[in-house]
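Have a look at this one before I ask anything.
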Amino acid sequence: MSGGAQYVVAAYAVIWFLVLAYVVVLAARSARIGRRLEAITRLLDRQEQRADPPDAPGDAP
Amino acid sequence: MVTARGLVHAYGERRAVDGVDLDLAPGERVALAGANGAGKSTLLRMLATLVRPKAGTLTVLGHAIPDAARAARTGIGYLAHDPLVYLDLTARQNLELYGDLYGVADRDARITDLLDDVGLAVRAEDTVRTFSRGMAQRLALARMLLHRPRLLLLDEPHASLDAAGADRLDRELDAARDDGRAAVIVTHDVERVARVADRLVVLRAGRVVLDTPMGDLDPMDVRRLYTGVAP
Amino acid sequence: MRGRQLAALVRKDLRLELRTRETIVAMVLFAIVMLVILEFGLGTRDGDLTRFAGGLMWVTLAFTAVLGVGRSYVAEREQRVLDGLLVAPVPRVVLLGAKAIAILIYMAAVEVVVIPLVGIFFVKGPYWDSIGWIAITALLADVCIALAGTLFSGLALFTRARDLILPVLFLPALVPVVIAGAGATHAVAGGPHDMSEWRGYCLFLAAYAILFALVSVATYDAVFDD
Amino acid sequence: MTDTPARIPGERAALIWGVLATILVVVASIGVFLVAPGDADQGIVQRIFYFHVAIAIVSLVAFAVACVAGILFLRTRRERWDDVGEAAIRIGLLFSVLVVITGSIWAKASWGTWWVWSDPRLVTYLIVVLIYAAYFVLRSSAEDDRRMRYSAIYSIAGFASVPLSFYSVRVAESFVHPVVFTRGGANMPGSMLVWFVVSQAAILALFIALLEVELVGRRSERALRQLVLRLENP
């Protein structure tokens, strides 16, 4: 390697590693929001099924 | 003297005051009742310009809040749970400080009069640290009256004042009715306030659930009202 | 009116300090202990610390300032008086100015002890003839410390763990003051005076003070506005 | 179940900026490593410079954005500006940490030592990291309204400290960093300048994309919190 190539590689590796780590954190957060939303949706569905009288047509959109 | 429309204050997502309308005419003395956490103190602090409304409009003594809060403050007298005086200053030094902050013209004469009036003339040169709770609160009463406020905002005054202080306050409230000042008295002891208030406003969960002239109802009904059962 | 309010607030702080003597005495003792620790920490008991004297002085003053600034709203908070000041028709910038003046006075009181002590402890060579220049530097730096300190202590006032928050907020902002204070002191102490360097650092301190004064005036309303 | 979930505002912008940032970063990387000419004095080490400086500049842009957001928050009291401020400082802090690390690597490559106190750029960015790390300490120890207000004030005061730190470090130390930029523009060949500009654009786009994603995330979190609250007390 010509003088100091390892340093260039190290510098760019650090940059990409930290930026990627940050993106992963962001993705994890959005996944968490999605999971919570799904849980709430399921909860609401169950509540509505319980609340609906048996002869009602159900929750048509 | 006060015009409030749709006042809201929230701590985080929880609304302590949730859409309150309130009008106060000169000479009117309103008792503000409600259970703990009903939003009484927050509403009072809002009227005192200490808490900024999150929504709604508020005018105090003709000044829009929060934009013209400083102009309104010159006419507000606020009595809180805490006496709002420095423990390591003497009674007179505390009043001198407040006299200067409010720009009272006849400061020293006024202070002497008031100290005499609330029965602290003898202790004027002692630090507040040596005072009893009731004495400190009487000093707070003098502090509140120092700049001749036109709107009195009192947070459970009878709970912390001693008998002498309470009498002095009651006299002040009667005088307020006669000379066109106004007062808001936060309380959870409606019976105690009934003799000095003209009107009762009851808060529950940040909303006004009752607004009525004082003479019209039995205090026991009020109890029932703000602990939950709908009127 | 504002002048009367400002004078009343400053008088109040000084009266409290004279009665309780909590802040200044502690600050002076702290500063002296700090100087002693620095001396032994650097481990040159017989060496010459003249080259570091300005740095030692300003490190000491910076930490002492954090201590003093941390005390600046203690009476209001512990005795719950702040609402009384806020409900009075006092412009918030007057509250800021009064607190800044009080801190300025405390710092000046500490420096009356620390600046001569630094000369006695650490400086070999000419020092006493430049004490006037050092005093001017100190005064300028005190204005910076007072303005930034008042702003940050207002921010830390109602936070959890406020005693921890204040140094974390305040010390990074003090780095330029320490750099310039030490630089200006080195320019005039313990050797030939370099007045152009000294002027440069002092101008920098003035710029710092002006910038923080502007920021404080622009934001201080919001510090207390619940 | 009649209402369809509303689209969170900014979703589309986040996507567009994300794609743009990716393209620009790829192009810039190719340019920096394969096309740009080598530096006569420093050789390959000079290639750190492209992203290092671009990130440094964008981190300052981020802090400027936070300062403006702070001013706007104090004027309007809208939570949106608090979101912008915090997200911008978060990204700006990440970028300044990158500046310090890559600067340190550069110092090792150029001068054989990991840390040079006489290099004003390195020292200044260390101070900047400390200033803005304190922002998060402050945030975590105040609640609700106060948190937003204090954050806004601190983002303004912090941004005032940045030029002060820059200047104080600079007057105190001699300037030993390789002078790549001169006052007028650049003393590097045009082909280098082109790739520097492309790198700069890439990092700027990356900042905007990250900011948009942060904002979308924050809005969704808030929408979710409010939903939970409404379900709790109908």
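Here the chain labels run A, B, C and D in written order, and each chain numbers its own residues starting at 1.
By definition in this document, a contact is a pair of C-beta atoms (placed from the backbone, for glycine too) under 8 Å apart; a residue touches a chain by one contact, two chains touch by 3 or more.
From a predicted model like this one, the values you see are computed outputs, not experimental measurements.
Peer 1: Tell me which chains count as touching both chain A and chain C.
Peer 2: Both chain A and chain C are touched by D, going by the contact rule given at the top.
Peer 1: Does the complex stay in one piece without chain D, or which separate groups appear?
Peer 2: No chain D: A | B, C.
Peer 1: Counting in whole Å, what is the centre-to-centre distance of chain C and chain D, each centre being its mean C-alpha position?
Peer 2: 32
Peer 1: How many Å are there between the centre of chain B and the centre of chain C, using C-alpha atoms for each centre?
Peer 2: 39
Peer 1: Return the distance between the CA-based centres of chain A and chain B, expressed in whole Å.
Peer 2: For chain A versus chain B, the centre distance works out to 50 Å.
Peer 1: As a quick test, compute the distance in whole Å between the mean CA positions of chain B and chain D.
Peer 2: Computed value for the inter-centroid distance: 49 Å.
Peer 1: Considering chain D alone, which of its residues make contact with at least two other chains?
Peer 2: Residues 145 of chain D touch two or more partner chains.
Peer 1: Would you give the residues of chain C that are in contact with at least 2 other chains, written as numbers and ranges?
Peer 2: Expected reply: 225-226.
Peer 1: Which of the chains are touching one another, listed as pairs?
Peer 2: Applying the touch criterion to every chain pair yields A-D, B-C, B-D, C-D.
Peer 1: Within the complex, which stretch of chain D touches chain A?
Peer 2: Spelled out, the residues of chain D in touch with chain A are 1-2, 43-45, 47-48, 51-52, 55, 91, 94, 97-98, 101-102, 105-106, 108-109, 206, 210, 213-214, 216-217, 220-221, 224, 227-228, 231.
Peer 1: Which residues of chain B touch chain C in their complex?
Peer 2: Touch residues, chain B against chain C: 45, 48-52, 66, 70-71, 73-74, 76, 78, 80, 82, 84-89, 93, 96-98, 100-103, 127, 143.
Peer 1: Which bits of chain A are touching chain D when the two form their complex?
Peer 2: The touching residues are 2-5, 7-8, 10-12, 14-15, 18-19, 22-23, 26, 29-30, 33, 36-37, 40, 43-45, 48, 59, 61.
Peer 1: Residue numbers of chain D touching chain C in their complex, please.
Peer 2: 74, 127, 130-131, 134, 137-138, 141-142, 145-146, 149-150, 152-154, 156-158, 160-161, 164-165, 167-169, 171-172
Peer 1: Within the complex, which stretch of chain D touches chain B?
Peer 2: These residues of chain D touch chain B: 143-145, 225-226, 229.
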